[in-house]
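Below: one structure in structure tokens.
We just call them A, B, C and D in the order they show up, numbering each chain from 1.
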Amino acid sequence: MDLDSLYQEIILDHYRNPHHAGLRDPFESEVHHVNPTCGDEITLRVHLDDGVVRDVSYDAEGCSISQAAASVMADLVIDKPLTDALAKHEAFLELMQSRGTIEPDEDVLEDGIAFAGVSKFPARVKCALLSWMAFKDAASTALATDAPKEDA
Amino acid sequence: MDLDSLYQEIILDHYRNPHHAGLRDPFESEVHHVNPTCGDEITLRVHLDDGVVRDVSYDAEGCSISQAAASVMADLVIDKPLTDALAKHEAFLELMQSRGTIEPDEDVLEDGIAFAGVSKFPARVKCALLSWMAFKDAASTALATDAPKEDA
Amino acid sequence: MTHDLDGLLPGLDVIRKDFPILERRLADDLPLVYLDSANTSQKPQVVIDSMVDHLERHNANVARAMHQLGAEANEAFESARDTVARFVNAPSRDEVIFTKNASEALNLVANTLAWADGPLGVGEGDRVVITEMEHHSNIVPWQLLTQRKGAELRWFGLTDDGHLDLSNIDELITERTKVVALTWVSNMLGTINPVAEIARRAHEVGALVVVDASQAAPQLRVDVQAVGADFLAFTGHKVTGPTGIGVLWGRHELLAQLPPFLGGGEMIETVAMERSTYAAPPHRFEAGTPPIAEAVGLATALDYLAEIGLDAIHRHEQALTGHLLGGLADIPGVTVLGPLDTTERGGAVAFEIEGVHPHDVAQLLDSRGIAVRAGHHCAKPAHKRFGVQSSTRASSYLYTTPSEVDALLEGIIATQDYFKVR
Amino acid sequence: MTHDLDGLLPGLDVIRKDFPILERRLADDLPLVYLDSANTSQKPQVVIDSMVDHLERHNANVARAMHQLGAEANEAFESARDTVARFVNAPSRDEVIFTKNASEALNLVANTLAWADGPLGVGEGDRVVITEMEHHSNIVPWQLLTQRKGAELRWFGLTDDGHLDLSNIDELITERTKVVALTWVSNMLGTINPVAEIARRAHEVGALVVVDASQAAPQLRVDVQAVGADFLAFTGHKVTGPTGIGVLWGRHELLAQLPPFLGGGEMIETVAMERSTYAAPPHRFEAGTPPIAEAVGLATALDYLAEIGLDAIHRHEQALTGHLLGGLADIPGVTVLGPLDTTERGGAVAFEIEGVHPHDVAQLLDSRGIAVRAGHHCAKPAHKRFGVQSSTRASSYLYTTPSEVDALLEGIIATQDYFKVR
């Protein structure tokens, strides 16, 4: 079993020093997501402004994979237009469901490419997706608030 | 499979011409018993007087075994002291549970000995016992009514 | 008698070899003639083997286990859900709930509707409509629901030839009707009901449609979308799968609104001592360790049926049923309960023999190695409707041969002889 | 390390040969070290074979079938009930109800108490007492019951060393208390609770005692009379039996007073469209086709355990647990949750490794072929009580060897190395 492909150094680095962790103001929406199987939890806030993800802040409890994924996700989406952020989510989701068959695009996923190995461990895919699911959920709620500006 | 040991001529005779069938007055108690598995039913009345089973009348719907058993049972208990009737019930029950290992006592069970073969067909034992269970149930209710006299 | 009926499954001999029990010898070394498939079906070797392989090589608990065996067991269990979803043409795999049998599936719907707040809840003055030909498992849950909630239970009656009497449908299905629950195929009369048409009428008044497909799933192509059901239940042991497992399919939008059924492991999102939140469907409705090896066996069974083809199985059943109905019509003193036209019925045929009680019929047939069912077949009201307390029922399946039907016909004549009613 | 611990089962090598899965090779051709038996146990060949034999030779529906296969299946199913009754020392076989798992058994009690009229019914202002170490399956049913009926839910807290905190027992168990539901052995902490003593106290105020024996039945001698329970539940898949079956034992006098749980076939006395009457226990509580092949497998499993002897199994578990606890104490950075004294606990040991999340521990161990469980083990409140979100749990059983425990201990050290926390 190729453990090192799961626990890439980049993942362990993010795990030990998660980026953008902690809950911050301002935010338009806050969600709480749980992985019922294992109990991993994340509280996540999104601050949208004019269709751009201005901030993602979170308080997460979970394994190295889920913690590192939250950190990488925040890196990837903060200060990006929401459409780009959601496209990255799609790319990450596709990577996770690939069972190791996809070569990830570093231009799109940056440090996220380190998770390619996770896709070969089906039981861990949920860990890697928890924060992304929370982000998507929070963003769509925030979007409702942000909507007038976006239309403008 | 020894069908003829199940369907003894005596049984088929009782089936075709059941004794004491029909519901009659007077009676102290009436019960309705069902075999939930197959739906066989019996409504049965008991008339007790001074500790003696004066009458057992019934309306039964069911297979040859259950119908014949009701007929034989009525023959056996009518005009007998209740204690004797219940002893016959015990003897019949024991015979039914014997899986063909008991030689029945004709002095006690009379035509009931024809049911010895039934005990080798576990699925049919319930049929043979339905009317006896109803009798026991009805008799114990009737006994409550009859009690003062018995004490006297 | 002829053995080359039109519509029989090609390779019937080979199919029979799939079922080890068909080689059983009974008392007096008689071969088994199993005509009780509507009660429970026999299992092909491949179903048994898949469960054995699971237990011997992949056994672990699901959902919770992180290790390799756990991943294998989980994969096997969840892919069984995919198989079921395909089998009933469900729009989403998350609409497939594993229960312990069809009865639990129907009770699940009745109970969650009793507990639901809001528009789905069944309460005082609401009406639930069933039919007089239901199996007890599609009667008692609705009696309990309506009694507990002060709602009203009504039902479609039956015509003399064993169909639903739809003449008063406008009176039964009204604005007050919240649920219409009915069987697709009767387990006693064999009748195939016009479920899609009734579902359409029920939906016009906003009622939910619960279809009991326990007898349909073994022999008809089940397409939940085509039939227009809101919920549909069937049971593993009648589709060549194991006991201990049943299926409830429900429309996701409805499942998402329903409260939990049983509480416990797997069905939660998070638990605190004071209160809990619940997982999304289907897990919300699957409390505790599910029937894992059974799901594996069920998936194998459904794949087995799909490979042979449900349309081909249905044709086979029709051919045999036609042969049986024809033979019964030729025996004086035998009356069939239910439709006589094979295009309107499934492969269960209930009948009476004048002068011989069904138990005695079954006993006589059993002494010849022929297994049929005698009794009320968990359909007392339908028996009552036809003025009988019980009946004898012969039911074929994909492994049944015309010569087995012939054996039954001969057995019936022998029964009449034995009891001297001929 | 020593392999001749006191109390190990004699002939452990032979016992291991009974379990085909123990020969499984995992990724990298590693042997399986299965330490997740509290989650689900592995199955001996004899259990698998008994189910195969049933399916290949005796399969039929029960209760209803008059034919030879039906009689055989019924006999097998009902004699499984006798076996269970013997296993728990039930005064009567009619007190044994087959459910789909332990969760259903516990929900059955909670639901029928919710629906019961008269003195057994739980209603507004009544109190139900549970404990903070319950499995979700013995929490959520009582939350649902008390919420639905306006009753009050209270619970025993836990001491720091993982025992029930009984200091406020007089405040918790009062005249208002209708039900005390608790686990005999904790699936997370391993704690063995003084159930008989608590049952005595509960009975003083007339409360009913519901014992969750899911973790006790695999490893302790269960005697429902000695323990003084009113209801007791356990699950087939943890006692080397199959999935899809559980057991509820209940005192007959109580079962006789309770209303039905699920409605359908088998649980009725008679059915009319307007209303139905119900069968006596146990059938009243077994709606629909029961888990027949599963009952056969369960009976074989219980006979298998009884033959080895529950006392011997318990000693074996204690020996291994002592060995594991000793080993864990020697590894810096490892903390055990639950009692450290083997005489007070069962064979499930939950622990934490400082600096490594349980999922990562389980993943590392899995890469060495060692199967443990990581997560909240369906006991979130107990984890919260100890300030942790999840833990790693190793659980042994009668087939576990001391070298497997050694492999775990080495694996833990390797985990610490891998994550550089040593």
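Please note the rule applied: a residue touches a chain if its C-beta (ideal position, glycine included) is under 8 Å from a C-beta of that chain, and two chains touch if they have at least 3 such contacts.
Since the structure is predicted, the reported quantities are computational estimates derived from the model, not experimental observations.
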Path length in the contact graph (subunit A to subunit B, fewest steps): 2
Which of B-C and B-D has more C-beta contact pairs: B-C
Between subunit C and subunit A, distance of the C-alpha-averaged centres to the nearest whole Å: 45
Chain centre separation (subunit A, subunit D; CA means) in Å: 38
Residue numbers of subunit D (touch at least two other chains): 27, 64-66, 70, 268, 270, 359, 363, 366, 374-375, 380
Two or more partner chains touched - positions in subunit B: 37-39, 41, 124
Touching residues (chain side subunit A, partner subunit D) in the complex: 1, 3, 6-7, 12, 37-41, 61-67, 121, 124, 127
Touching residues (chain side subunit C, partner subunit B) in the complex: 27-28, 357-360, 363-364, 366-367, 374-376, 380, 383, 389-390, 418-419
Of all residues in subunit B, those that touch subunit D in their complex: 34, 36-39, 41, 122-124
Interface residues, subunit D side, partner subunit B - complex: 63-66, 70-71, 74-75, 268-270, 279, 283
Touching residues on subunit D, where the partner in the complex is subunit C: 20-21, 24, 26-27, 32, 34, 36, 39-40, 42-43, 45, 48, 51-52, 55-61, 64-70, 100-104, 106-107, 110, 115, 132, 135-141, 143-144, 147-148, 153, 155, 235, 237, 242-246, 260, 262-268, 270-276, 287-294, 359, 362-363, 365-366, 370-375, 377-378, 380-381, 384
